[in-house]
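The structure's right below; bear with me while I get my questions together.
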Amino acid sequence: MENVTMQEQLVYDRPESMASVQTHYCPGCTHGVAHRLVAEVIDEMGIKDNTIGVASVGCSVFAYNYFDFDFVQAPHGRAPAMATGIKRVLPQRFVMTYQGDGDLASIGMGEIVAAAARGENITVIFLNNANYGMTGGQMAPTTLPGQKTSSSPGGRDVEVAGFPIRTAEMLATLDGAGYVVRRSMHDPKNVRMAKKAIRLAFETQKNGLGFSLVELLSTCPTNWGMTPVQALKWVEDAMVPYYPIGDYKVNPALKELKF
Amino acid sequence: MQKEIIIAGFGGQGVLFAGQLLTYAAMDQGLQVTWIPSYGPEMRGGTANCTVVISDDEIGSPMVSRPTAVIAMNLPSLDKYEDKVKDGGVLVVNQSMVDREVKRTDIKVATVPANSIAEELGDKRMTNMVLLGALLANLDILPVEAVEKALRDHLPERHHKLLPMNKEAMQRGGTYVAAAISA
Amino acid sequence: MAKELMKGNVAIAEAAVRAGLNAYFGYPITPQTELLEYLSARMPELGRTFLQAESELGAVNMVYGAACTGARVMSSSSSPGTSLMMEGISYIAGTELPVVIVDVMRGGPGLGNIAPAQADYNQIVHGGGHGDYHPIVLAPANIQEAIDLTYGAFDLAEKYRSIVVILADGSLGQMMEPAELPEMKEAIMRTPDWATYGSAGRERRFLSSIYLDPPQQEKTNFRLERRWQEIKAKEVQYKEYFLDDAEYAVVGFGTSGRIALSAVRAARAKGIKIGLFRPVSLAPYPEKELYELSKRLKGLLVVEMNAGQMLEDVLNITRSQIPVEFYGRMGGILPMPEEIEAEIDRMVNESAASDGHPRDRWLARFGKMN
Amino acid sequence: MPPQGRIEVRDNYCKGCEICVAACPQGVLALAPERLNIKGYHPVELIEQGCTGCGICAIVCPEAALIVYREVKSRTQ
Amino acid sequence: MENVTMQEQLVYDRPESMASVQTHYCPGCTHGVAHRLVAEVIDEMGIKDNTIGVASVGCSVFAYNYFDFDFVQAPHGRAPAMATGIKRVLPQRFVMTYQGDGDLASIGMGEIVAAAARGENITVIFLNNANYGMTGGQMAPTTLPGQKTSSSPGGRDVEVAGFPIRTAEMLATLDGAGYVVRRSMHDPKNVRMAKKAIRLAFETQKNGLGFSLVELLSTCPTNWGMTPVQALKWVEDAMVPYYPIGDYKVNPALKELKF
Amino acid sequence: MAKELMKGNVAIAEAAVRAGLNAYFGYPITPQTELLEYLSARMPELGRTFLQAESELGAVNMVYGAACTGARVMSSSSSPGTSLMMEGISYIAGTELPVVIVDVMRGGPGLGNIAPAQADYNQIVHGGGHGDYHPIVLAPANIQEAIDLTYGAFDLAEKYRSIVVILADGSLGQMMEPAELPEMKEAIMRTPDWATYGSAGRERRFLSSIYLDPPQQEKTNFRLERRWQEIKAKEVQYKEYFLDDAEYAVVGFGTSGRIALSAVRAARAKGIKIGLFRPVSLAPYPEKELYELSKRLKGLLVVEMNAGQMLEDVLNITRSQIPVEFYGRMGGILPMPEEIEAEIDRMVNESAASDGHPRDRWLARFGKMN
Amino acid sequence: MPPQGRIEVRDNYCKGCEICVAACPQGVLALAPERLNIKGYHPVELIEQGCTGCGICAIVCPEAALIVYREVKSRTQ
Amino acid sequence: MQKEIIIAGFGGQGVLFAGQLLTYAAMDQGLQVTWIPSYGPEMRGGTANCTVVISDDEIGSPMVSRPTAVIAMNLPSLDKYEDKVKDGGVLVVNQSMVDREVKRTDIKVATVPANSIAEELGDKRMTNMVLLGALLANLDILPVEAVEKALRDHLPERHHKLLPMNKEAMQRGGTYVAAAISA
C-alpha cells in the first residue's frame, strides 16, 4: 500500500563554498549575488578543494574572506597575471579571477587581453557596475555616456572622456577566448542565466577549451545613489541596452558538453 | 589653550558634519583649528569619527590619544573612547543608543537622550546637534552663538530653513549640564 | 585674503590650479582621490584639461607627454600607484622635464591600507626608479604649507627642469585646516627653448631619455648631478622650533614632524630643553643645517611613520657624533604626542644611547610586542 | 492548490536591502519593522501566508541569507 | 603655333618631412617604407610644422631622428599615453605615435585600448612585423602559430603561448575608434594602399573624428633570417592570410571627405 | 665537474634550472634577454614552465601568483623593466613570498642605453617600491659567483619567505668565463603551511598583502623588520682581498669591485698597502665588517658604476671616522683599472680628504669636463 | 612607344636591399657590383635602357633613396 | 702573467668567434680567462669587438683600456685601438681593409693581408683565423696547437670539415712575425 505524506524538501540553502561570514558589501549590492552564484557552481561541480581564486582590488578585494577555498589577492588589474602564474604551475587546479570593471577594463586591460589571447585556461568573473565602487564612485571605462560620477560630475562627456568599453565583445575577437558572454543579475531570470554562464565558464576551463569570462552587469546602489531595487531597474533600463546580454564567443565544443 | 574633541558614532549619524561645524565656529573666532576624520570609502561599514583640535597656538598633532572631550553617539564609540578622555575632561553620551552606565568618575559626563529629543523636535537628523549643544554647555570652548553663526555661514542656503530647529536642538542639548567632578 | 577651511587634498588641488596648472592627469586611489575628484570639476570649469587616466602608468606618461610641450602639468597618487609611476618618473628625469607629482602616502607594503604613512620616503627621495636621478621632494606638515609648497613647486620644477614631488601622507590629505589661498594665475603654457609644441618658425626638436652612446649618457648624468649640486645649494627648506637654547631635538617631517611639535611643547613644559627640526625639503635635505645643529646637542630623536627611512640619512648627516634615537609607527598609525613625549623622556633621562643602531634599540623596545 | 513553502532567514546575514521583498511573486515578504540584527539592519521576514517555496527570493538575495523549503508529496510503501 | 617638346618631370623625390640622415634600419626593413609614407602624407597635407610625433621603444626608437618635425620618445608601450598628454594640451596639433607590435600589442595594450576607447584624436602608425625586432627577434603577440623566434625556438606553440592578436579587428570594436584599418607594404599596390590609409588616418584626426590607427604588415628580414625580397614574399604568403588587409572601422563621415 | 665557458645570462639561467626552478616568467630586455631566450628552450625541454609575459608588470605578477603555490619561481629584467616591477615587488614583500628576481642593470635614467651600469642600487637595496620592506640583494662579480649565488638564492628566499634579487650589470650578463655548474635538481614544488595550492585535506588559506586595520599592518611591518634583523645577523656575504696588512682599501661591488681588484694589484705592485673589500650581499650589507675594517685604515675609496649610491651607505657605516673618496663612472661606462689606480694614488699621496662630501670632490674633479 | 624615364640614386641612403631591383617592371636595376657607399653597401643603379619612370622602385624603397624622372610632352605656344 | 687581447672589426667579420676560440684554448690550458663583447642587437650596424683576458690568477677587470694585443680587422678599429696598445705590445692589422701605415713604433706590428690570404684559401670567412694565427705567432701566450684543439673541441661537428682550412689559415697568418721592437 502506498502512503502519501507531505514532506518538507530543501529548495535552497547557502552554498557550502561560501564561508560563514558576513560580507562587507553595501546592502543590495549584487557583488553578493555573483559570489553566491560562483559558490553554487563550485559546489555543484564539486571542485571546492581544487579551486584557487584570485581577488582583485575593488569592493571585492576581500572576496577571499567569503569563499571557502584557497584564495590570493592581486594588485589592481593584475589578477589575470597572477592567475596565469598559478595555473601554469598547477594546471590541474581551477583558477578563477574575480574583478571589477575598473580593475579589469581600465588599469588591467593589458593583462586581461594578454590572458585571453594566450587562451589562458582560467575563468574570469567580471563585474561591470559602471563605476569604481570602492574608491567612492568615480568614472570607470564602463560608465555610460552622461552618467554622473564623482569624477565626471557633469556626466560622462564622451567628447572628453571617451566611450564605454564593451569588454566582452572586444575580448571575443581573440582566438584564445573559449567562452566570453555577458549576463545580468537584475531579475530572477537573468540571475539564473548568469549562473548557467558561470557554470559553462568553469566547464570551459575543465575541458581545457581556453579562456573563459562572464561579464556580469551589477549594481552599486551606494554610489549610484539609489535603493537596491531602483538600482536593479537602472541596470535593466540603462545598462542592458548599452551592454547587450549575449554570447560573444562560445567554443563549439561547449555545445556538445553534457553535465 | 588647546582643546581636543572627538565625535564618534555610526556613519550617517552626522558625526563628520558636527565636527566641521565646531571647526568653522572656532576658525571664525580666530582660533587655530584642525579637523580630521577616520576616512575613506574603502572603509565601508562600521564606525566613523573625527577629531577636532582647537587652540590659540600652532597646532601640532591633529589627532590625540587623550582628548579633552568626546561625544559618543553609540555604544561602540563609548566603549572605545570612555577610557581615553583626559582626566577632568568631558564625555557626552547619546543615551538613546547606549544601554550602559558610564564608569569614569574623574570626568564630567553628560548623558543625553539625543535621539528622543531629536525625534521630539521632528527630525532625527538633529541628534548630532543636540549632542553638540550638550558639549558646548559642558566644555568652555566656544559660545553657542559661534556655532549658530557657523551654521548660518556654512550650511548651504537651501537648508537654511532648518536653522531654527538646529538652534533649538543645541539649546535642548545645552540643558544637560554635568555636575562638576567630585574628585 | 580670508582663510578658508580646506581638506588637504582639495587645498593642494586648488593651489595647483592657482599656480596656473594647465593639465592634470590622474587615477583614483585613496587617500588621494579627493584631489582628482576636485579637479574633475574645477579644471573643465576653467577650460583647462582634466583627464582620468586608465591607470597610474597612463597618468604618469600623459604628464610626461604634456610636459614636453611646455605646459604646467601635475599628477597625483598614493603609494601603490606611485610605485607604478617609477619607470615614467625615471624617464621624465632622464628627459629633464618639469613635472609636479603628489604622493599622498598610505600604509604598506603591498595593498596595505589607506591610513596615513611615510614609508615612501626612500622610494621618492632615494630613487625608486632606475638610474641616477634626483627629484626635488617637499614634505608639507599642514594645509597652509601644502598650499604654499604646491604653488611654488611649478616654478621650481621649471627653473631646474626637474620633477618636484609633494610628499604628503593620508592624514594631511584628509584633514581640514583653515588656510589662505594664493593668487590665481591663468593656465600656463610656456615655450622654452627645449619644448616640442610643433616646429613652426624654428628647427625641429626632439625630447628623449635615450643616449645609446655611453659617453653621451655619462655627460647627461654629470649634467644632472651638477644641477643637483646647484639645487642642494639653493633650495633647502626647513623649519625650526625651540632650538635656540635646545640641548636635545626631535627630527621629523610632515605629519610626524607636526605631531612631534606637540610632544616637544609638552616636554618643554616639563623643563626639558628640547626643540624640533622639521625638514621641509627632503631632497635636497637640510644637511648642513642639521649637522651644525647636531654639533651643539646632546641627543636627537628621529620620529617617522615608517621603520626608520629618514633615520639613515640623519645618521649619515650627523656622523654618529651624538646619540640618536628612533621612534616609528608603521602601517597607517600616527604616533601620538604622548608616545613621543615618553621617548623624549627616555632619551633625556637614560644614559646616552648604548651601542648599536637606533633602529635595533627601537625594535628591541617595541618590535617584540607585535 | 499551490504548493506550500516557507523560508528561514539567517538574520545576521540579511542587510534589509528589500530585493527579495520586491522579487517575491507572492508579496509575502517585508522587513521586520522592529527587530534589528547585530549589524543594525532590519532583517526580512515572512509577513503573510502564501509562500510557495518557489525560491525566487533566494535567487536574488545578495547575502545568501535565505533558506527555502517546499512541501512535496512523499510516497512510502 | 604649338611647340611640342619633351620635358623631364619629377615623378618622385624624397619627402621634405624626412630628415636628411641615414636610418639605422637593416637593409630592406619596411620600417623605412612606413616612415616614407608618413612623411609623404605630412608633406601633402602641409602639416609638418604642426605635427608632433611620439616614438616608441623598438627598432623605431630613433624615429625622431628621421622625421623633420617635433618628436618625443615614449617608454615601452606608453606612446598613446604620451600622445594623449600632448594632444590634450595642444588640441590643434597633429599628434602621431609610431609603434611596433611588441610595443603596442604586448606591453602597451592597456594604453592603446584606453586611447582608442577615449576616441583620442591621435593617429597611430602600428608596424606589425610578427616579432620583437630590436631585442633580437623574440616572440611577439603577433608572431604566427608555428613561427620560430628566439624565444619560441620550437615555433610558437599556441597551446602554451596562445594565439596571435588581430589588433585592428579588436580595436575596431571600440566606439571611440574613428578609423582602424590594416594594410601591408609587400608590393607596390599595397604600399600605395597603405599610403592612402595613412592619409585617411590623418584626415580623421584633422576632422576630429576620433582615434585612427593604421596597422601595417612589415618585414624584419634580419630576425626572420630572410633576404628583404624573401621577407616581402613571406608577408604576402604567411602574414596576409592571418592578418587580412581591410577596413575594420571607418567613420562614415570619412567617406564624404574631399581632399 | 668540468668547467664550462658560459655567458653570464646563460649561467644564471642554468643555475636557476639546476636549483629546481619550476617556472620562469619574463619579458625581453637587453642586456638580459639571453637569460629569457635560454630558458625558452631549456624549461620546456625539462617539462617545466617558461612563459614570456606581456610585460614586466605581467611577469612580476605571474611570479607573484606562482610563488603563492609553493613553486620555485624566478623572473628577470633590466633597469627600466625592473622599475615596472616595483608595485609587484612591494606586494610580494607584503605577502611574504619567496621569489627570485634578476636585475641586469643598464645605463639610465629613462631609456638610457644598454651598456653596463650599477645605478639601480638604491632602487633595489633601499626600496624602489612603496612601504617598508627589505629584499635580500646579492651582487655577483664573476660568472662562478653568479651561478653560486643564484643556486643558493632560492633556499634563502624560501627560508625567509623573502624576495632575493640577483643584482648584476650588463657586462656580467654578457661576458663569458669558465665556471662550474652545480648539481641538477628536479623542479621544486613545495607545500609549506602558508601556500595556496587548493585546499584539499586542510582548511582553506588565503594570501594577501592587505591589512586594512592599521594595528594589523603594523604587526606585519614589525614581523618583517624582525625577520630582517635575523637576516642581517645571518646572511651577510663579502669578499676580502689583500686586507690583512692594508692601510687603505677600495670598496666596490659586482663588476666595479672586480675591476678594482686589478687596480689594487697594480697599486700593491708599486708598494701601496691597499686591499679590496667587496660586499657580495648588498642587503644585508656587511656593515659590521666594513666598520671594523675602516677602524684600522687610513682611507677608503668607493668605486661604483653610478653617481655614488652605495657611497652613502659606506659613509653611514664608517661614520666619517676615516677619509672616504669616491670614483664613479656612469651611463654605461666601466671604470678602467688605470683610472682607479690613479684615484688610489691620489688618495694615498694627497693629504687626507679635505672637507665636504666625497661626491662633491669627485664632481669637482670630473663633473666639469662633462 | 613607352615613356622615357630615369632615376637618380642617392647612394649614401641606399642599403642595397634589392627590393627595387625585384620590383622594377622593366628589370633595369641592379646593385653596382664594385662601388661601395660610405656605409659599405653596394648601391643600386640603372643597368640598362628601358626605365619608363613609372616610379615603382621609389614606391617600394625603404630608404627614400631614389629620385625618379619621366619625360612628358610639353606644349608651348 | 696576464694578457689582454682586443679583437675588433665590422660585425660579420668573425670578431666574436675568434675571441671565443682564444678563450676556449686558454681555458683548456687551465688558465683563467674572460671574454666580453661589445653587445646587443639594440646596437645595430657599426663595429663589433671583444676583449679576452688571459691570466694565471683571478681576473679583475674583464675590460682594459691598454690591452697587451689588438687585432684590428678594419680601419675604424685601427684608428680606435692603435694608441691603446700597451708599450711593447702587439698590434695585428688586417692590411686588406686598412689603407694606412701604423704609426706606433714602440710595439710589435704585424701587417697581414688577411682577406687576400683567406680568398686564396678559398673562403673569405677564414680572415679572422689568419689574423689569429698572426697574433699567436707574435704574442707568447698560447701554442697554436691549443687553438687548433679548441677548434676541434668547440666547433660544431658539421663544420669539422673546415678544420684543415682553419689550421692552414692560422699557419699562413703565423708567418707574419714582426721584428722585435727597436726602442
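Letters A, B, C, D, E, F, G and H name the chains as they come in the text, with residue numbers starting at 1 for each one.
Keep this in mind: a contact is a pair of C-beta atoms (placed from the backbone, for glycine too) under 8 Å apart; a residue touches a chain by one contact, two chains touch by 3 or more.
Small disclaimer: the values here were computed from a predicted structure and weren't measured.
S.K.: Drop chain B from the picture, leave everything else in place, and list the groups of chains that still touch each other.
M.R.: Without chain B, and with every other chain where it sits, the touching chains still make one piece.
S.K.: Of the pairs A-D and E-F, which shows more C-beta pairs in contact?
M.R.: A-D
S.K.: Measuring between Cα centroids, what's the chain most distant from chain C?
M.R.: It is G.
S.K.: Taking each chain's centre as its mean C-alpha position, how far apart are chain D and chain F in Å?
M.R.: The separation of the two C-alpha centroids amounts to 61 Å.
S.K.: Quick one: report the Å distance separating chain C from chain F, using the average Cα coordinate of each chain.
M.R.: 27
S.K.: In whole angstrom, what separates the CA-based centres of chain A and chain E?
M.R.: 36
S.K.: Scan chain H for residues touching two or more other chains and write them down.
M.R.: In chain H, residues 41-43, 45 touch at least two other chains, as defined above.
S.K.: Using the touch rule from the top of the page, what residues of chain F touch 2 or more other chains?
M.R.: Residues 30, 51, 54-55, 57, 80, 87, 91, 95, 110-111, 114, 208-210, 212 of chain F each touch two or more of the other chains.
S.K.: Provide the list of chain A residues touching at least two other chains, using ranges where the numbers run on.
M.R.: Where chain A meets two or more other chains at a single residue, that happens at 25-26, 61, 73, 75, 77, 106-107, 109-111, 113-114, 135-136, 141, 161.
S.K.: For a test of understanding, state which residues of chain B touch chain C in their complex under the given definition.
M.R.: Touch list, chain B to chain C: 20, 23-24, 27, 32-37, 39-43, 58-66.
S.K.: Inside the complex, what are the residues of chain F that reach chain A?
M.R.: Against chain A, chain F makes touches at 22-23, 25, 49, 51, 53-55, 57-59, 61-69, 71, 73, 87-88, 91, 95, 189, 196-201, 204-210.
S.K.: Would you tell me which residues of chain G are touching chain E in their complex?
M.R.: Its residues touching chain E are 4-6, 10, 12-13, 15-19, 22-23, 39, 41, 53-56, 58-77.
S.K.: Which residues of chain A touch chain D once you look at their complex with the stated criterion?
M.R.: Those in contact with chain D are residues 1-15, 18, 22-23, 25-33, 35-36, 39, 187-188, 191-192, 221, 227-229, 232.
S.K.: Applying the document's contact rule, which stretches of chain A touch chain E when the two form their complex?
M.R.: Residue positions touching the partner: 77, 106-111, 113-114, 117-120, 141, 158-159, 161-166, 169-170, 173-176.
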